[in-house]
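One chain, chain A, links the two complexes that follow: it is found with chain B in the first and with chain C in the second.
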Partner chain A sequence: MHLLLYVLRRIIQLIPTLLFIALVVFLLVHLLPGDPASAMLGDRALTADVNRINHELGLDRPLPVQFLLFLRNLLHGDLGRSIQLHQSVVSLIEQRLPVTILLTVMSALVAVVLALPLAFVAALRRDREADVLIRGTFQIGLSMPVFYIGLLLLTFFGAYLRWFPVGGYGDTFASHLYHLFLPALTLALSLSAVLMRNLRQAILSVIGAEYVDFARAKGLPARLVLLRHVLRNALISTVTLFGLQIGTLLGGAVVTETVFAIPGAGRLMIESIYGRDYPVVQGTTLCLAVVVSLTFLLTDLIQVMLDPRLSR
Partner chain B sequence: MKAGLSLEVKNLSTTFETPLGAVTAVDGVSFDVHPGEVLGLVGESGSGKSVTLRSLIGLIHPPGKVTGQVTWNGQDLLSVPPGRLRRVRGGEIAMIFQEPMTALNPVLTVGLQVEENLRAHTALDRGQRRARAIELFDLVGIPDAKRRLENYPHQFSGGMRQRVMIAIALASNPKLLLADEPTTALDVTIQDQILKLILSLRDELQMGVVLVTHDLGVVAGTCDRIAVMYAGRIVESGSVLEIFDGPRHAYTRGLLASVPQAGAERGPLLAIEGTPPALSALPTGCAFGPRCSFANDACRATRPELAEIGPGRQVACLHHETVAASKGQFA
Partner chain C sequence: MKKTLAGAFAAALMLSAAQPALAVERGGTLVYGRYADSLFLDPVLNDANVDIWVLSNLYDTLLLPTDNGQGVQAGIATKWDVSADGMSVTLQLRKGAKFSNGRDITPEDVIWSLERAANPKNGIWNFLISSIDKVVPDGSDGVKIMLKHPDPAILHALTVFNTAVMPEKEFEAEPGNTDEAKAREFAKDPIGSGPFVLKSWVHGQSMTLVRNPYYWAKGSDGKALPYLNSVVFKVIPDDATRILQLQSGALDGAEFIPYARVQELKKASGINMELYPSTRVEYVTMNVRKDVAGKANPLSNPEVRQALNYATNKKAIIQIVTHGVGSPMSSFMSSATPLHAGKGELYPYDLAKAKALMAKAGYGKGFSTSLLVLAGNQDELSIATMLQQMWGQIGVKLQLQQVDNATRTDEYRKGDFSMRLSAWTDDIADPSEITSYFAYSPTIQSLHTGWKNDTVDKLFVQSQSQMDAAKRKEEYAKIQQIFNTTGPTVSLYQTPYPVALRKDVHGFVQIPLGNNIFRGAWVSKKTSN
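Let's look at the complex of A and B:
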């Protein structure tokens, strides 16, 4: 009951955020140097032609009017047409955004699978060999730039061992997973380093709590004490951090997808920025921003589910 | 009802390794608890009472080390395999913690926290566990039990949380209850209710109780026997009557004298001079020596051992006869 109300409230709160994002996206595009008409027609275009194109695209109207039109179209699910690719922006995003989301989800899952057990081992063997080894290894991973780790993995597993492709996306879902594995692993390594350290610290701070001793005093099996009493409380702070990390990851899709040659929304955005493809830049930025906002919403929901004290 | 079990503690010591050297929080403590008996473990903060309780059921974390013997049902709890110890904990020997605000897991419903104990120690199915949880809440006086089981600890007051903790401790009908200052964090009126509750359950279940407290008023009202702890050791033990009537250790005497008496002639509050010694820097000889008005060179030279001075009556003081004779001359 509380949870449902909370979700509703959060979704309503999301509306002004999204409006603001739409405004910023709209203004940002107009701050970019150059204009689409010149980009389309080349350097030697006639002023008359430029004006004609600008008129066709509605770019000669006052900015507030343009923004209202932009909003109206947005509400109808219309993000305009790509100037370069002659497709509707919505259909472009429909093709590209799932790639970005799949990559992010895969990275997140791999990161959790890596970080969770290792954080437990490190915390329970605090300052002993296993802890030092785990933390040391992750420290190395953390201090290397992501693209460098990516190149190392691509060189070794892709080019040398030929276990994985060095780029592309494939045609079937299974081949998507196969193509995205190395990029996801790369991102997961840096994600899990932060996640592991944070979770280890959280476990250590929870494990000495009175309620954990009380759970032991009840005669619960060690596994239950760790999973139900320690992990759940430790996750509360870690979930927030992880949500922020995922948000950053989505925002960083531009870089990641360029390094790994993945045809996702980030690549689409870069291409359209180079091409002064206003509608596509607006559409992809907006969609990524919405996805990031939804990620944060999901993070908060998970946190509330973990910690009943927050839903009041 | 099955016959109760006795707990025999022999020479229990708990030592913590610290960067400044080993600190002995509990030093050679021995006592017994019989079925249906309430033993009061009394002393100032830091005298090792809580550590003693935790040591009994293996709740001391590394780098803490526990030695000695804790005999329960023919087994030494300090050396039984972990699986056996888990069955004893919460099932046969239950513990109530001092702080009701921190001893319950904030993210789990209290119902779950009661039920997980039943799940660990009984063969009850889901429905039966729930019924038993409701029964326990009724027993400890939590109104509207059925609805309250769904609540989280933050939705309860301190007194109610302590009741929840008692309900959890009693869930599987333990034969021994270790109560670590169960009422210290509570209002006086609630304190009384909780103690009465523990006593009535003692009668009902023939349960032994170790009650850790620094409140001698509580001891007088509830305990059968007392063991007084100072700096990690038991310095005096005996029946409540004997000790209240004629303390044989200067520390016990000071403790009793410092209890304000209602209805007595108005006078200054009495306190024991000085503070307890740091466990890492105990004086040689009697640990209470520096604060004791009876102490002489002999006390500073040798540490008095706990010696039997009557049936069930022990004291660790070289001058216990002088202390006994000085009755009434406080200050």
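Let's look at the complex of A and C:
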């Protein structure tokens, strides 16, 4: 019950945040130079055509009126229609957002699978060869731009070894997973580097704690000590970091989706910004904001589960 | 001028000329990687090359462009005849020509399609056929196009995407109150008469075209075209990924290969690196208004513009930016555009002359100005930094402003830019389109530069109804001479379309206007892969 109230309170707090994001995004896209008609018709556009289309779109109305209309539609769950693609923004997001979320979830999983064991190895072999090797390799991964890592992986595992497809998304769920593996790995590399360093440090600080010594002295097997006492306590700060990094991961998906030709929400957003497709930019930004906010909430809940003192 | 052509014969000739002497193989799928997806597959209401360049595969026109992009050949019309006074065109429709749903194409469909395309309320391409007054039936299987004035480009206009023949009844049966609303519905599952039919389209990902069993043209084996069962377009925005997919065999062809990769792919085994002749030109546009944003504008002085032209080392730019793929220009329009006139490179690099012109114009000490560059476009950035360095030698300090396309278009249309980089491709095999945008001031104030030359304006209007081919050629020679010597541009280079195909792909062509023609394409059976 206590936890439920906590979740409810957090969700209600979300509403003003999202309204504020809606306002900022609305202002930002409308203050960008250019307009959808010019962007669509390009350099050869005749002024009469540009004005006609902008009028049809209602873009010649005062900004406050446009914002109120946008809010009114938003309350009805209507995010408007794409100017470029002539589909409802909701249907576009339904098509594209799951792709990005799947990519993000896969990246997060790959990052955890990479970071967890290696952090333990690095911490337990502190300053020995294994530690130096692991930290050095991750440092390289961290310093390379995402698109470059992506191209390297594509060239080697895709074009050369042919283990994985060279970009694309596939048609079935299984083939989605197959197609998304390399892009997920690309995104995961930098995240796992951050997680690994943080977790390694946390393990090192926990491992010397008195309660760990006590557990060992009690005669608990080493594996149990590590899992129950060291890992659980070390994870608290890493989980926070992990949650905060989900936003970065979504940002990275924008680049990765372009390199790997994945039809996700990131690419949709970029194309919409270039095309000044206001409703799509507003809609995707809002949805991504919701996703990030919910991730933060989930992170907090996991923390509470790891350390019940935090819910008080 | 009376001109009657045995169209069918000419078409047969053109087709056989286009095919290599190999025995064609039928069937199969060709997977083609595009840099961006289409937006709206309506011939009249679309407004982008991503649509234009694939439309002809779905929608057939009365006449077709020849593979060199300069002539016309039979399409849905088998015979065409321009009247002696140039005021009308009669066309005979092909017997048995059908839409992709199996229905016969009637003169009423043609009349409706042309009048829809010529309606100034529909889309942005109606200017190409603004000479059309009305279209009437001619006998049971023909139409007669009545013109407001003689139009020397009318036959070429009938090959352009916006004059495609569409089924009136099926289009009008779509739900919606406006032409655009109906077109949106129609374009989801279009019925045309081109060699292919749209089967499926996942936006941003892929588009599948399958062969139209009712298509009229015959291949070199005497059977109906197209040879392929289907064409699949995959959208792969990243150049490097597109090339990797081609190399790994996931694609049979890839468009827009960056110039930097052309030499490498020419040497690659299993790949044909094609450079199709094109009408694409790259140039700097200079605002020539007396004042820009409240400041005196040195570019309004023609001598300054000439100096900048002479100070531009085009050969160096071609080497570094296009890796030798481009070539210098001898007029503002590409040499593939009909009636192109001009011998030798425009403004061969001459620093001494440039300095002298600057001094003569009163800018011996130079001046500062700015150039709009498309952010993230490697070619434009390379050109811009080279210009910065070259023009620095005559004292011109060039400030680079990197902006996105919509921002640039906005400043361009408002006319408050100093300079920008641009590229142009013709949509019609006639010099009138490029000339109306570049040189004829009423269209868009000569590329929004404010440049205006009364002689050019007069000559252009004259040439638009000039039916004497020799005189029209003279008029265009004069227009080009005036524009090239005093105009608002620095012509940098013209480039072909770089397309990489796997070696087993044959018969594909991208014509100089950009259209990707898949009707004669075929894939030889993959042996070991």
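Just so it is clear, the second predicted complex is superposed on the first by the 287 of 312 C-alpha atoms of A that agree within 3 Å, B and C clash if a C-alpha of one lies under 4 Å from a C-alpha of the other, contacts with A are read in each partner's own complex, and residues count from 1 in each chain.
The working rule: a contact is a pair of C-beta atoms (placed from the backbone, for glycine too) under 8 Å apart; a residue touches a chain by one contact, two chains touch by 3 or more.
What you are looking at is a predicted structure, and each value in this text was computed from that prediction instead of being measured.
When the two complexes are overlaid on their common chain A, residue A:Arg267 makes contact with chain C while staying clear of chain B. Once the two complexes are laid over each other on the shared chain, residue contacts for A:Val112 go to neither chain B nor chain C. In the superposition on chain A, no contact is made by A:Leu241 with either chain B or chain C. By the touch criterion defined above, A:Leu133 lies against neither chain B nor chain C after alignment on the C-alpha atoms of chain A. Shared-chain residue A:Leu151: touches chain C; no touch with chain B. By the touch criterion defined above, A:Leu306 reaches chain B but does not reach chain C. Once the two structures are overlaid, the count of chain A residues touched is higher for C than for its counterpart among chain B and chain C. Using the contact criterion defined above for the overlaid structures, shared-chain residue A:Tyr211 touches chain B, although it does not reach chain C. Of the two partner chains, chain B is the only one that A:Arg232 touches; chain C does not reach it.
Once both structures are placed on chain A, no chain A residue is touched by chain B and, in the other complex, by chain C.
If you check the complex, the residues on chain A that touch chain C are 32-35, 38-47, 49-50, 84-87, 95-96, 151, 154-155, 158-159, 162, 165-169, 258-261, 263, 267-268, 271, 273-276.
Across the interface of their complex, chain A is touched by residues 39-40, 47-48, 124, 184, 202-205, 234-238, 240-241, 244-245, 247-248, 250, 403-407, 409-413, 422, 437, 443-444 of chain C. Here chain B touches chain A in the complex through residues 54, 57, 59, 61, 82, 85-91, 94-95, 97, 99, 102-108, 116-117, 120-121, 152, 154, 165, 168, going by the rule given at the top. Residues 208-211, 213-222, 224, 228-229, 232-233, 236, 306-309 of chain A are the ones that touch chain B when the two sit in their complex.
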